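Working notes for the structure below.
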Amino acid sequence: MIPATFDGLMPIVILMSIAVLLFWGGHFASVILAPKKPSHLKSTPYECGEQPVGSAWSMFNVRFYVVGLIFIIFDVESVLMFPVASIFREMNDMGQGGYALIIFLSFISILIEGIAYCWKKGDLDWVKSYQVSLNDNNK
Amino acid sequence: MFIQILFGLSALLTIGCAIAVAVTKNIMHSCVFLLGSLIGIAGLYATLGADFVAVTQIMVYVGGVVILMLFAVMLTGGKDYVSKAQNLLGLAPNMGNKWTYTIGLLVSLVFILTNVKLVSSVIKANPAKTFGNEFPSTVNQLGHLLVKDHVLAFELSSVLLLGALVGAAIIARPRKQ
Amino acid sequence: MISLASYLVISLILFAAGLTVMIARKNLVAILLGIELILNAAALNFVAYSRYVTNNLDGHIFSLFIIVIAAAEAAVGLAIVIRFFQIKETVHVDEATQLRN
Amino acid sequence: MNQTVVSYLSQYEFYDSLLALFGNNQGLLAFTIFLIVALIIVGLCATIGGLGTYAERKISADLQQRIGPNRVGPYGLLQFLADGVKMMTKEDVMPFTADKMLFYLAPMLALVGVFATLAVLPFSSGFAMADLNVGVFYLIAISSLVGLAVFLGGYASNSKWSMLGGMRGASQIISYEIPVTISILAITLLAGGMSFGTIVGMQKGLPINWFIFHNPFAFIAFFVFFTGALAETNRAPFDLPEAESELVSGYHTEYTGMRFGFFALAEYIEVFVVCGVAVALFLGGSNLPVDIKLDIIPIQIIEVVIFLTKTLLLYYVVIWIRWTLPRLRVDQLMSVCWKYLTPMAILNLVGCAIWLVVFNGKSMADMVFGH
């Protein structure tokens, strides 16, 4: 009987390597099999037949960042909640359920405050409150 | 044996990508190399038996911070802000003249020697412990630590995150006319 | 067997790379990348020490909170960078010369 | 503890003779077994992913009263192989404005992220490749590589459609990760552990013991999870990142040939993985409806069949939804996530926590049938 080991990590590494090898294998196969007739027109970015104007790497609206921001905060909070959640039942069985519940709920209540704040300020709306103005920059 | 291979792979990924972050001129590529470095560090955590921290590393950095950084790069133009001043290997003029470089080299030599000394003393103080293949679950212990010993830090971190959310939202939010 | 020193050396290289990025790059986002590397070097050290020296999980808690704080720091820092870009139209660090506007 | 397929097999006698065959090298034997199982699972999932494209076309044809693919093989079953060969023989075109390194990297990241999730998928109580004790959490974490791949694919193409699709895709995937994570948190709370072994082991027996019927909050959590999972895999009605009518093909507009194929493969396998996770977390996983003490390999195979059947049924529902519902608008998408799903998910989490404390861990079934 093998004791519990680091072996659990081995399949992850193996699967990742398989993915990389599969990618390179498929790529290699397509290099061998596929025709290669490059032309300038073929390698222009697709814009429904028009000549592309400028680069696509242009500025984007800040609301994408705000969504990412709210996401990362919630992500981190859920990360912290995971170990507590996984011992919740154990603590409940030991008779400390009330204590665990108080800890857990006070943590979540602050999370709820965060989402309530963003909701009230309109960060969760995609369109309405976001009228970007350039004039504001000069204030 | 496997753990040494995992360690080698992760260390290579970590160091290679960290150096690549420093020498790449393209900021977008830097972000992607940072991603590689962070995944490598997650692998290193795994070799240390810190499974929960390793997965947290992947979850927060890969899923969150790197995407946020890529967004920020896009929002600040998405162009390569490459000038000679940013190029480390080009030895940009505004970073100093040959004297500053010489002094920097000497200082870093001293720094490295001190560190080597430090590390070697640490090794002598703690002769390489050999660990078996035991891999106890850290999750439950971490949970107990979080709700008992470190409960204040646990609760305060949520306040910190609330503060970060509110502050960053106020700063980043586009101003209304 | 992997020794503590190998982790410390990796951590040292990470820290050096982060410091180099912070000093040499002039892009504000790149400086934040450097900070992430440095924080990760510290967190790696905590976990390595908790495995090899103290043999308890307090180091894990430390690196957990380092990750949490790094995320919060990245969120706020990048928000500042974006706001700075809206005002100055650049993210070159030498342009940040004023505390207001 | 980390149960793996190797530690499961090691309780049988033939393991010892295998070990002797490998010169008592535990590591090498473990590696070989893992490699074989990994290849089987990858082959299985690639086939399911391939058949997924076929099923998608066939079911959509059924729903629209057409015939669908019927040329290659019996009933057109080999259509996906023909598609694969076609993709391999297509010319690889890269826009000259593209960011070459990231353009190569993006499909690989998607593939790595999806394949790495297969390691913890609980096909049966013994045949899960690795039952990590951070199982579900690992799965959420590593699958976020796909979101990154979507963004990088969109960025690297340097085409406007791709860029818009990539930005949308990334923000959609990260947004919907929140309700999904919080729903999973509720299940972690009820099961008392993150490993799939613990979670599936709690749901033994009749369907009434499944976590979806554990309490009313878990019942809602399932739908929150499923909706979020649909959005995370860019399935209709949340397929905005690749909305044909607005963004040509979204983030993979510029991808051709094999690289496009890998994106598609990753996407279809991800749908399978997500359905599998939904089955394992809420719908009883691979448990037999009757409690059999006997632990032999045929039982394990029956469990695998049960798991695959449930998963494929859910897969059918996903395809059915795609061809039934119209696509959302971006603002609707965001408000669905942040204003409906996330508050509901948090409510479910709080509800589950209170339920656990008040009823002392009993499920509804326990209370009705009085255990």
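Chains here go by letter, A, B, C and D, matching the order in which they are written, and residues are numbered from 1 within each.
Rule of thumb we're sticking to: contacts are C-beta pairs under 8 Å (C-beta built on N, C-alpha and C of every residue); 3 or more make two chains touch, one makes a residue touch a chain.
Predicted, not measured: the structure shown is a model, and the values here were computed from it.
Enquirer: Please name the chain that ends up farthest from subunit B once chain centres are defined by their CA atoms averaged.
Expert: Ranked by distance of C-alpha centres from subunit B, the top chain is D.
Enquirer: Report the most central chain, judged by the distance from each chain's C-alpha mean to the global C-alpha mean.
Expert: Of all chains shown, the one whose C-alpha centre lies nearest the global C-alpha mean is A.
Enquirer: Looking at B-D and B-C, which one has the bigger number of contacting C-beta pairs?
Expert: B-C
Enquirer: Between subunit B and subunit D, what is the gap in Å from one C-alpha centre to the other?
Expert: Comparing mean C-alpha positions, subunit D is 29 Å from subunit B.
Enquirer: Where the CA atoms of subunit B average out and where those of subunit C average out, how many Å apart are those spots?
Expert: Those two chain centres are 6 Å apart.
Enquirer: Calculate how many whole Å lie between the centre of subunit A and the centre of subunit B, each centre taken as the average of the chain's C-alpha atoms.
Expert: 18
Enquirer: What whole-number Å value describes the gap between the mean CA coordinates of subunit A and subunit D?
Expert: 16
Enquirer: Mind pulling the residue numbers of subunit B that touch at least two other chains?
Expert: 2-3, 47, 49, 52, 56, 59-60, 63-65, 67-68, 71-72, 74-78, 135, 139, 142, 146, 157, 161, 164-165, 168-169, 172, 174
Enquirer: List, in ascending order, every residue of subunit A touching at least 2 other chains.
Expert: Residues 4-10, 57, 60, 62, 64-65, 68-73, 75-76, 79-80, 82, 85-87, 90, 100, 111, 118 of subunit A touch two or more partner chains.
Enquirer: Give me the residues of subunit C that touch two or more other chains.
Expert: 64, 67-68, 71-72, 74-75, 78-79, 82, 86
Enquirer: Classify the chain contact graph as line, ring, star, complete or other.
Expert: other
Enquirer: Pull out all the chain pairs that touch, please.
Expert: Every touching chain pair, ordered by label, is A-B, A-C, A-D, B-C, B-D.
Enquirer: Mind listing the subunit B positions that touch subunit A in their complex?
Expert: It comes out as residues 2-3, 6, 9, 46-47, 49, 52, 56, 59-60, 63-65, 67-68, 71-72, 74-79, 132-136, 139-140, 142-144, 146-147, 151, 154-155, 157-159, 161-162, 164-166, 168-169, 172-177.
Enquirer: Help me check something: in the complex, which residues belonging to subunit A touch subunit D?
Expert: Those in contact with subunit D are residues 1-2, 4-12, 14-16, 18-20, 22-23, 26-27, 29-31, 33-38, 40, 42-48, 52, 55-57, 60, 64, 67-68, 70-71, 74-75, 78, 81-82, 85-90, 92-93, 97-98, 100-101, 104-105, 108, 111-112, 115, 118-119, 124-127.
Enquirer: Provide the residue numbers of subunit C that touch subunit B in the complex, in ascending order.
Expert: It comes out as residues 1-10, 12-14, 17-18, 20-21, 23-30, 32-34, 36-37, 40, 43-44, 47-48, 50-53, 57-58, 60-61, 63-65, 67-76, 78-83, 85-86, 90-92.
Enquirer: Name, in rising order, each residue of subunit A that touches subunit C in their complex.
Expert: Against subunit C, the touching part of subunit A is residues 62, 65, 69, 72-73, 75-76, 79-80, 137, 139.
Enquirer: Please name which positions on subunit B make contact with subunit D in the complex.
Expert: Going through subunit B, the ones touching subunit D are 1-2, 26, 28-29, 32, 35, 51-52, 55-56, 58-59, 62-64, 66-67, 70-71, 74, 78, 135, 137, 139.
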